[in-house]
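Chain naming follows the written order as A, B and C, and within any one chain the residues start at number 1.
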Amino acid sequence: MFHFTAIVTCLALAFYFFTSFQVGKARATFGVKAPAITGNPDFERMFRVQMNTLEWLPIFLPSLWLFAIYISDPIAAAIGVVWIAGRVLYMTGYSQAAEKRGRGFGIQALAAGVLWVGALVAIVTRLIHG
Amino acid sequence: MFHFTAIVTCLALAFYFFTSFQVGKARATFGVKAPAITGNPDFERMFRVQMNTLEWLPIFLPSLWLFAIYISDPIAAAIGVVWIAGRVLYMTGYSQAAEKRGRGFGIQALAAGVLWVGALVAIVTRLIHG
Amino acid sequence: MFHFTAIVTCLALAFYFFTSFQVGKARATFGVKAPAITGNPDFERMFRVQMNTLEWLPIFLPSLWLFAIYISDPIAAAIGVVWIAGRVLYMTGYSQAAEKRGRGFGIQALAAGVLWVGALVAIVTRLIHG
């Protein structure tokens, strides 16, 4: 079983849900009524935090699980925690200014990249060596 | 095997595809040419229905499957059906007016929340009790 | 095990990542500063390529895996390659003009549809025949 990866998946979803919730709050705070998604730069940055997290979830989650299945559950989970930490940093930076989103973005991209490369190498290796 | 959860997954994808299809139709009806995503409030509401469904899929699908694996296939599927019903209500409400999106949204959020909490509790319990 | 489907999943994620990367490049080329997502039609088309790929991933990936599990790993993977090819065509077409996005879109929609229908029929059949 993959208990650690399963827990990290739940945590990643909780963080993502939190970014959605922040967008809802930002709608009220900055007076951007649904269905509008533009009109106030502070709102737009929060909206982009959620969207960018959404954009990375389909890279992160399948890579996380393929890494867990083909390599190791606890190692996948540990890298997954790094991904979430990078995402939190990205959110706190971007919510202040667009220029402050770089470091967190880099960390989460690196974590997702390690999961993706690790999984791919492991799958190809397994395929070749039967 | 997880036949019921697998079927509900297919149905959820079909519903989501339907919301995408409605956006395509709304482009034609309200004269919003691609790649624009703004310009007409009726189009924008249909677009937001699709986007919001997309935004919830990465919360719903992993929670649904973790619930199915750690707790029960038919119970997960039954809650999944409630999620789809809430989503349908959200779509029919939001397509009429932004103010009418609340009830369906609440139902689907509750269903997804039950799946998420149930899965997390079950995973942690399994981890502790070996 | 599902080695072929796992590899195609990695390739699909790599392609999707590439579309995100192109949006970043287009931001610089066409001078659309984050968090803005509008303002230049060339940028908007690249942005829509990424978004549309993101929009189809939750239809494609679960259908791909259900097809692989319920029917066949290599056949699922082969159809998955067709999906990626359709996506590449969609990207190269749409990046030139909105009118040129149709053929690639149709190919990838057909591939995803075959995966979805095949999976659903196989699941229901398995459920009925025990």
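Basically, a contact is a pair of C-beta atoms (placed from the backbone, for glycine too) under 8 Å apart; a residue touches a chain by one contact, two chains touch by 3 or more.
Because the structure is a prediction, the values reported are computed rather than measured.
In the Cα superposition of subunit B onto subunit C, the rotation angle, rounded to steps of 5, is 120 degrees. Interface residue usage between subunit A and subunit B, two copies of one sequence, is largely distinct: under half of the residue numbers at the contact are used by both copies.
Chain centres here are Cα averages; for subunit A and subunit B they lie 19 Å apart.
With touch defined as above, residues shared between interfaces to two or more other chains in subunit B number as follows: 38, 54, 58. The residues of subunit A lying in touch with subunit C in their complex are 38, 41, 44-45, 47-48, 54-55, 58-59, 62-63, 66, 70, 98, 101, 116, 119-120, 123-124, 126-127. If you check the complex, the residues on subunit B that touch subunit C are 1, 3-4, 6-7, 9-10, 13-14, 16-17, 20, 33-38, 50, 54, 57-58, 61.
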